[in-house]
Amino acid sequence: MQRIVNNPDDLVNEMVEGFKLAHPDIIASTPNPRVLKYKNAPVAGKVGIVTGGGSGHKPAFIGYVGENMVDAVAVGEIFSSPTAISFYNAIECADAGKGVAVLYGNYSGDNMNVRMAKEEADDNGILVKTVVANDDVASAPASEPQKRRGVAGEILMWKVGGAKAAMGGDLDEVIAAAQKAIDNTRSVGVGLGPCTIPAVGKPNFQIQPGTMELGIGHHGEPGIKVVDLKTADKMAEMTLDLLLPDLPFKEMDDVVVLISGLGSTPVSELYVFNRKVNEILTSKKIGIHRSYVGNYFTSLDMVGLTLTLMKVDSELKELIDYKTNTVALKQF
Amino acid sequence: MQYFLNKEGAVIIRNVIKAIQANKDYLSEVDGAIGDGDHGINMNKGFSMAAERIEDNHSFSDAAKILGNVLMMEIGGSMGPLYGSFFKTMFKVTKDLEQITAPIYQNMFELALASVKDMGKAEVGDKTLIDTLSPAIEGFKSSMAESSDFKVALIKSIESAKEGRDSTKDMIARIGRAARLGERSIGVLDAGAVSSCLIVEAISLSIISILKST
Amino acid sequence: MQRIVNNPDDLVNEMVEGFKLAHPDIIASTPNPRVLKYKNAPVAGKVGIVTGGGSGHKPAFIGYVGENMVDAVAVGEIFSSPTAISFYNAIECADAGKGVAVLYGNYSGDNMNVRMAKEEADDNGILVKTVVANDDVASAPASEPQKRRGVAGEILMWKVGGAKAAMGGDLDEVIAAAQKAIDNTRSVGVGLGPCTIPAVGKPNFQIQPGTMELGIGHHGEPGIKVVDLKTADKMAEMTLDLLLPDLPFKEMDDVVVLISGLGSTPVSELYVFNRKVNEILTSKKIGIHRSYVGNYFTSLDMVGLTLTLMKVDSELKELIDYKTNTVALKQF
Amino acid sequence: MQYFLNKEGAVIIRNVIKAIQANKDYLSEVDGAIGDGDHGINMNKGFSMAAERIEDNHSFSDAAKILGNVLMMEIGGSMGPLYGSFFKTMFKVTKDLEQITAPIYQNMFELALASVKDMGKAEVGDKTLIDTLSPAIEGFKSSMAESSDFKVALIKSIESAKEGRDSTKDMIARIGRAARLGERSIGVLDAGAVSSCLIVEAISLSIISILKST
């Protein structure tokens, strides 16, 4: 395992430490070492935005903490949900008295820990509402959205929810905007190589060279099928064939495109993929409002990518375009 | 009537913790076959944290509360909430009681199991710890119905837990990390089923060691 | 080779195409498909900034094109210098009549092609001056700076040169600032795993598991030595032991820290490394003015990182902090 | 006096291009051993682009100019400027001449070699194409000094180029990608030395085929 670590058990704590040291202009620590917050949080008069999840997805989740996006984040072990107490402490840090929107992904650990944190917040008089992201079309049929996992589409949910809060929306409006964002978002992953949790030391699943796994999850959850490795163009076709009918995305729709590497795929290849995605969408008369291409939501050192599309109306466009200043996403 | 004294019951939780600590490597090994190989690490971390906070004068309820709270609030992942609610429910059911009889134990275990199911949404057959805990209490119940002997029912419960644990070998994982393997998950035990079997065994044997009768 | 490509020979063209499509807010194309420019270039009244190099270092070089940084860039094949004509066309695109600073890295191909482009510009009445980055301490002894390669320190050179030009500096002032930037910058790389050029299909060098190569170059050029794989903390010590005496960086100096992944190293590990770098610098009473941690200058899918330090005085601080808006680097 | 007519000399450059095209895979194979395996790809691309622009009525100088310019301006990397300056210099030296005699050829080749050295800063012994080109012209010179026969000197030049090419086998690469291997670069030929040997051979044999004497 060719990795840059000390004792793998300390990886998350040391990573958080190194992150805080690198970004004092945006990030502040809190009494709980597994909670980081925007240095100006709680922002007076604003609904607080909280998220959290297992580590290993850098820049998610902590990279999206900052101005007009996430106020506080709970940090879990590698691929393991943060504790209920961390979610609760993050809620405390984000609360400016206008309530807190917890916007997180649909994983059983996160569901459980957020539920308990919310109970704790209820007991302490902090108003909390939640939206759970379920953008991964490969994780369950469209008829069972409650079973679908949240993946890179979460970023767009935080962006929209964070902007709505920054523009003065109340808790219900922020929740409605975030819910609208994720309801209009669909993602799918393609895995070309596995990832290794440093404390374990070897990949806990395999992808045979010459094959790829369509619909792979952010921790290596099984996809829809394993097929022969395809060209970038064919991969773009296959992923769009899964995404487009699911919402569905139609002629004259406008979309935001988000292509994220899973960790070990060179970013140049994401752009090769984007070229074909662009071509196909354009040929279908689907307008591209904005594109994000890069390592936005990774899975340790997995090889592959996720493609996310979000259908945007004028409200969502305004919220997506709103300015933000986080470590991973900066818009003027 | 058979019972144990709540105030003498810290040893039950202590022995649960010892069982997990002693089997740390084995649990990771089992998890390594179809999971990600960290079950022993996760379990040991949480249970050991609780060990330091349990004192000699604590009752069974006190100790269960401490373990439950540590797991629930400070461990994270799925194991924290699942085993956390298991032990917290045990605390809630017994906190005002001096003596814990077989019917109380049965009720406590059933509610604890229900809270785990409610938390994790897993059912029997999904290849999880439910496949141990559910037969464990069913075995206890049927033994009580037959012979009304707390000690006999506890021993039966251990046997049923082991059968349940072993039944996971032939199951396809439908929940958790191992679900990624589909059919390939057949042939090995589920790590949570193994750890919960250790827990049932430690609880049952510890109760037997402090059992009283009037 | 688990890669997202079509015909590997088309990779660079398709990558450039996908990049332009993703970032119309910043990037414009030019008649030469291997030259991209800032959409507002040439910027009236401003000295033009040009760079260029082989592909495979994404986000370098094209990611640094934009407001107040690079005006135009020449794009080469994977790990192969751009043509002289591309460098020349980039110069043309950047020239607003105040001259053009070509700020590039010290590789023989780039030296040759830039030299010819400059001759062509001279013939056509465009004033061109150059600065060649040589920040890689592992590539030659301090006594032979002209033999040292340019690596991630180039980014800081572009940042400083671009800011100086944006602030109204004339060509000589821009060149002087860029030269000062690179003269105060030192880098070193650590390789934990090789990279694969897609057209070749297999790594053209190996790093044995359990070992690491100290001082590796951005294309796999040999380092100072191959040693047993060290912990992140020990790696931080070893790399600083090479960098600090070289300038030297001393007590009471202020520095900019730039830690870049080489492609396949999870960013979380870069932060673990940053933690120790920070600790060591602080213990030596070296002040940290600003930190950049991420995939800023990669080598396809190589495993490892580069550590760059730049000693900054008040002038360099102002230039480094100056606002910029490029795809890879955004500062308000 | 032996010479060839400049206006008949496009065939020389055409044959150089054919030699590179025919050996594309072999050149990549040689580069694969200690380089990155793309020398055949790089060379074939540039030389083939030039082939399309060379017309039948072109002179040797015209053709050398076209090839030199394509390589220099449109190929990039190191090969573009190196071989580009080689052929551009050949053009510059001969552009106003009708007849190219042995002394002119010798002068042209020496200046072309000097331009490559000036461009790439490699010297004999660095395990590059210089190790072929330098002996090639040295052999030509010594043969001319001995026998003053253009044809004999050209054949000698081919032999010397081959010896030079083979001499790279025992060298440690000090320049270019193969330098990364240090001592491990010993035992295989340098790719550039191989391609330049093909070039020397194609030039020499083509000249012999159009050689005139008065």
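Just so it is clear, A, B, C and D label the chains in written order, and each chain counts residues from 1 on its own.
Throughout what follows, a contact is a pair of C-beta atoms (placed from the backbone, for glycine too) under 8 Å apart; a residue touches a chain by one contact, two chains touch by 3 or more.
Computed from a predicted structure; not experimentally measured.
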Enumerate, in label order, the chains that touch chain C and chain D alike.
-> none
From the centre of chain D, which chain's CA centre is farthest?
-> B
Averaged over CA atoms, how far is the centre of chain A from the centre of chain D? Could you give it in whole Å?
-> 56
With chain centres defined as C-alpha means, what is the inter-centre distance between chain A and chain B in Å?
-> 34
Using mean C-alpha positions as chain centres, tell me how far chain B is from chain D in Å, no decimals.
-> 80
Calculate how many whole Å lie between the centre of chain A and the centre of chain C, each centre taken as the average of the chain's C-alpha atoms.
-> 29
Among the residues of chain C, pick out those that touch two or more other chains and give their numbers.
-> none
Mapping chain-to-chain touches, which pattern fits: line, ring, star, complete or other?
-> line
Pairs of chains, among all present, that meet the touch criterion = A-B, A-C, C-D
Touching chain A in the complex: which residues of chain C?
-> 1-6, 11-12, 14-19, 21-23, 55-56, 58-59, 192-193, 207, 209, 212, 229, 231-233, 235, 257, 263-276, 278, 288, 291-295, 298, 300-301, 303-305, 325, 330-332
For chain C, which residues count as touching chain D in their complex?
-> 9, 54, 76-77, 79-86, 108-109, 112-113, 116, 197, 199-200, 204-205, 217, 219-222
Write out the stretch or stretches of chain D touching chain C in their complex.
-> 32, 35-38, 41-42, 72-78, 80-82, 119-121, 175-177, 179-182
